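Two complexes are shown next, each including chain A; its partner changes from chain B in the first to chain C in the second.
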Partner chain A sequence: MIAFALEIGVGALMLLVFIATLVARGDDRRWVGWLAAAGTLALTLLALPLSPAPAQLGGAFVQDGLALFAKRLFLAATFIGLLGGLSLPGRPFLRRAGEYHILVLASLLGMLVLASARDLVLLFVAFELMSIPLYILAGFAKREAGAVEAALKFFLVGSVSSAVMAYGLSFVYGAVRTTSLAGVAKAMPDGDGLLILGLLAVFGGFGFKIAAFPFHMWVPDTYEAAPTPFVAWLSVTPKAAGFVALFRVYFEGMGTAVSFWVPVAAGLATLTIVAGNLMALPQQNAKRLLAYSGIAHIGYMLVGFAATSASGTAMVLFYLVAYVFGNMGAFLVVEAVARSEGSEHLAAFRGLAQRSPLLALAMLLFLLSLGGIPFVAGFWAKLYVFWAAATAGLYWLVLLGALLTVVALFYYLIVAKRMYIEAPPATTRVPLEPMLALAVLLCALGVVILGVYPKPLVMAALRVAAPLF
Partner chain B sequence: MAAPGLSAYLILAALVFTIGLFGVLTRRNAIGILLGIELMLNAVNINLVAFARFEADLAGLVFTLFVIAITVAEVGVGLAIVIAIFRVRRTVDADHLNLLRG
Partner chain C sequence: MMARAAFLVIAGIAVAAALALVLRRNTVHGALFLVVNLGCVAALYLMLGAIFLAAAQIIVYAGAIMVLFVFAIMVLIPGKEETGPDPRRTWRLLAAPLGGALLLELILLVVGRTAAPAPTGAAPSDNVAAIGRLLFTDYLLPFELTSVLLLAAMVGVLLLARSREGSAEPQGAGPEASVRGSAKPQGSEPEASLR
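Right after this comes the complex of A and B.
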């Protein structure tokens, strides 16, 4: 049972929030959100001392180091995301706060199971449990035309990708005659055409979820119209879950057959880095800018994936942690500014350093981390990923990634210039809700601590990635 | 006449999948796109059942049941979103849903 502790915990928390929603009276039911956030924090703390447990359900559910590493990350990221969303204004978030939090927890449950799934059926079910609540959450403000339109686009692209993925899974099953991923890994070295076809289709399905080019078109629209604290969470955790599942399906137990995926991953990485960075350049809306920059970051993680080695996998895990703090933090600052100025346009950031120096400093840290400047988390993340790719002999990919990092720095520094050099339109401070401030502070701490002292996390990532190969 | 073999079922499934994908890409009406997605997922079921039948392996049938259940959940959410969009915009035509650009 101990292997399922976290999943049972999240399920129980969902029930608790559900009951609290039923007994809640009045129009402001946001207090149930505190329950969800406190419960997630408790589960995060519970996850820290857990140690790997033997496989359950006939090997379909494994609680190994990789799963635990991923689950701690998902729980911590969800806690920060819930913290940022606690004080969301607006009627839907007051009256329907219970729904919001139950859906977030349902998606979290899907991610936790996905990190442990070693069976095609469980993998597919967990993947859908993660995805379906996200469609509803994207359109949560259902009276706003933009929000429902974003939800429809997200849903259509997401469910087509699920269908492609399921079609691929059916071929994988047909080729190996078992639904166990260990069986798939065993059959891979023979290179059966049906199996390769199936796995490529599954890769496409994952590509949509992690938003790799050319499967990225839902990202900017959904990010722009969905509630920002939710977007902060959406932009990091499902992608982290997608990468962990990729490692499970394509790396674990495959031995030397992993080299088959090098050209696929390297090609996708190239396209994603180039497209994400170039399309981010002309953006004037902060959320769209971060959406395209997020696509570029997925490309950098695919560089680590293309290394198809234990160190490459570990460095992608490190990158994911750095990306969680940097990207979530940036989105949460956008939320704070947008709530005060009523606009997500970059012009809203003018003179932020004079109005709220600490908020501007936090945003600067996040931007520097995303841009990969030394002594914040993102620098080590990029360096390690490039180092792993260079060790695997992918020099051209490293060169391309390094070149486009400069492009990325340009659009991050445009935001910094708005904050630090331009004159503010008003001199009043940007009001900041205490819980949103706490969430931003946690992200800033994560970025700085990982930037100054990355060693323990790198070692932990290397330890959990080693058994995959 | 001999009973159709495994490849006949796989070709049927591939046809159904392609028709569904074609519908998704060309239909302008959101309900039509949903129908296309439904077809694509049913192609998966044909595949799974055919493999389970010819390999005499039960796991494929179990997989099919899960795919059916998930399809229903997914289409349920999809229809709810389409209804929400119709209430706000009075249209479900994909060409008119163009608020978000850039």
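Right after this comes the complex of A and C.
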């Protein structure tokens, strides 16, 4: 049972929130959100001392180091995301706080199981459990302009990707006659064409979920129209879950056959980095800018994936942690500014440093981390990923990635310029809800601590990635 | 020999119905062709001895889901069948060779394969019992997860499908619980008459 402790915990918390929603009265039901956030915090703390447990259900569910690493990350990121969303204004968030949190927790449960799934059926069900609540949440503020369109785009693209994935999984099953991933890994060195075709289709399905280049169309529109604290969470945790599942399906137990995925991942990484960074350049809306830059970051993580080695995997895990803090933080600052100025346009950031120096400093830290400047987390993340790719001999990919990092720095620094150099439209402080401030503070701490002292996390990532190969 | 002939006939009808579904512009006709296709696939499942799957296919897909489809079509697009020139013609033309290449690849792979290994698992005769046993042993976790998924989907549907709320609802009064909401009549007038 101890192996399922976190899943049972999240499931129970979800049911608790469900019941609380049933008995809640009145127009302001945000207290239900406090329950969800407190429960998530408790589960995050519970997850820290957990140690790996033996495989369950005939090897379909494993609680190994990788799973635990991922689960701690998902829980912590969800806690920060919930904190940021606690004080959301607007009628749907007051009255429908219960539904919002039920859906977030259901999606979180899917992610937790996904990190442990070693069976194709469990993998697919967990994937859908993660995705379907996200579609609903994207359309949560359905009276807002564009929300329905955003949710519908996300839903249609997501459903097609799930269908492609299921189709691919059917080929995989047809080729290996087992739903166990261990069996798939064992059959992989034979180079069965049907198996490879199936796994490529599955890769396409994953590509949609992590928003790699040709599958990224839903990202900017969905991010722009969906509620920002939700987007902060959406932009990081499902991506992290997608990468962990990628490691499980494509690396674990495959031995030397992993080299087959090098050209696939390297090609996808090239396209994603180039397209994400170039499309981010002309953006004037902060959320769209972060959406495209997020696509580029997925490309950098795919560089680490293309290394197809234990160190590459570990560095992607480190990158994911750095990205969680940096990207969530940036989105949460956008939320704070947008709530005060009523606009997500980059112009809303003018003179932020004079109005709210600490908020501007936090945003600067996040931007520097996303841009990859030394002594914030993102620098080490990029460096390590490039280093792992170079060790694997992918020099051209490293060169391309480093080149486009400069492009990325340009658009991040434009935001910084607006905050620090341009004159503010008003002199009042940007009001900041305490819980949103706490969420921003946690992200800033994460970015700084990982930037100054990344070693323990790197070591932990290397430890959990080693058994995959 | 007999089985082979039956397979070819059923599979031919299934493919033809699927093609008709894609090619017909009239959505209601398309939905009806889908029923034919789903029925043929159910027959193929029967030929494989997958009794449970065939029954589920008929009851769930050809029955329940198709009724929903037809209703949705009739409610959402009354009399507005897709006509006129295709605005995304060039993209579709681009899709044709790519899809064709994939199809060719699939055919080559399937033809090139040696005979498939004999299916493992339970004998077809106690199919349903075997599935039931598996669902509550090896596949218990995915089975339970789908129930969570259904719960989340239900909450989501109620959330998204609620009609306008707001001034119609009295402030904080009544045993109105949000997840139960959509079962109630919506809008101000029925609301007022209920109280």
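As a working rule, the second predicted complex is superposed on the first by the 468 of 469 C-alpha atoms of A that agree within 3 Å, B and C clash if a C-alpha of one lies under 4 Å from a C-alpha of the other, contacts with A are read in each partner's own complex, and residues count from 1 in each chain.
Following the convention adopted for this analysis, a contact is a pair of C-beta atoms (placed from the backbone, for glycine too) under 8 Å apart; a residue touches a chain by one contact, two chains touch by 3 or more.
Please read all numbers here as calculations on a predicted model, not as lab measurements.
When both complexes are overlaid on chain A, the residue A:A42 reaches neither chain B nor chain C. By the touch criterion defined above, A:L361 lies against neither chain B nor chain C after alignment on the C-alpha atoms of chain A. Touch criterion not met for A:M217: it reaches neither chain B nor chain C. By the document's definition of touching, of the two partners only chain C reaches A:G193; chain B does not. By the touch criterion defined above, A:A182 reaches neither chain B nor chain C.
Look at A:A24: by the touch rule set out above, it reaches chain C but stays clear of chain B.
Of the two partner chains placed around the shared chain by superposition, neither chain B nor chain C is touched by A:L413. In the superposition on chain A, contact of A:Y167 is made with chain B only, not with chain C. Of the two partner chains, neither chain B nor chain C is touched by A:A390. Overlap of the chain B and chain C interfaces on chain A: residues 121, 125, 128, 132, 135-136, 139, 142, 151, 177.
Listed in rising order, the residues of chain A touching chain C in the complex are 11, 14, 18, 21-27, 29, 57-58, 60-61, 91, 95-96, 98-99, 102-103, 106-107, 109-110, 113, 119, 121-122, 125-126, 128-129, 132-133, 135-136, 139-140, 142, 151, 177, 193-194, 197. Looking at the complex, you find that chain C touches chain A at residues 105-106, 108-110, 112-113, 117, 119-120, 138-142, 145-146, 148-149, 151-153, 155-156, 158-160, 165-166, 171-172, 177-180. Partner chain B is touched in their complex by these residues of chain A: 120-121, 124-125, 128, 132, 135-136, 139, 142-146, 148-153, 155-156, 159-160, 162-164, 166-167, 169-171, 173-174, 177-179, 220-221, 224-225, 283, 285, 288. Put simply, chain B touches chain A in their complex at residues 10, 13, 17, 20-21, 24, 30, 33, 37, 40-41, 43-44, 47-48, 50-51, 55, 57, 59-60, 62-63, 66-67, 70, 73-74, 77-78, 80-82, 84-85, 87-89, 97, 99-100, 102.
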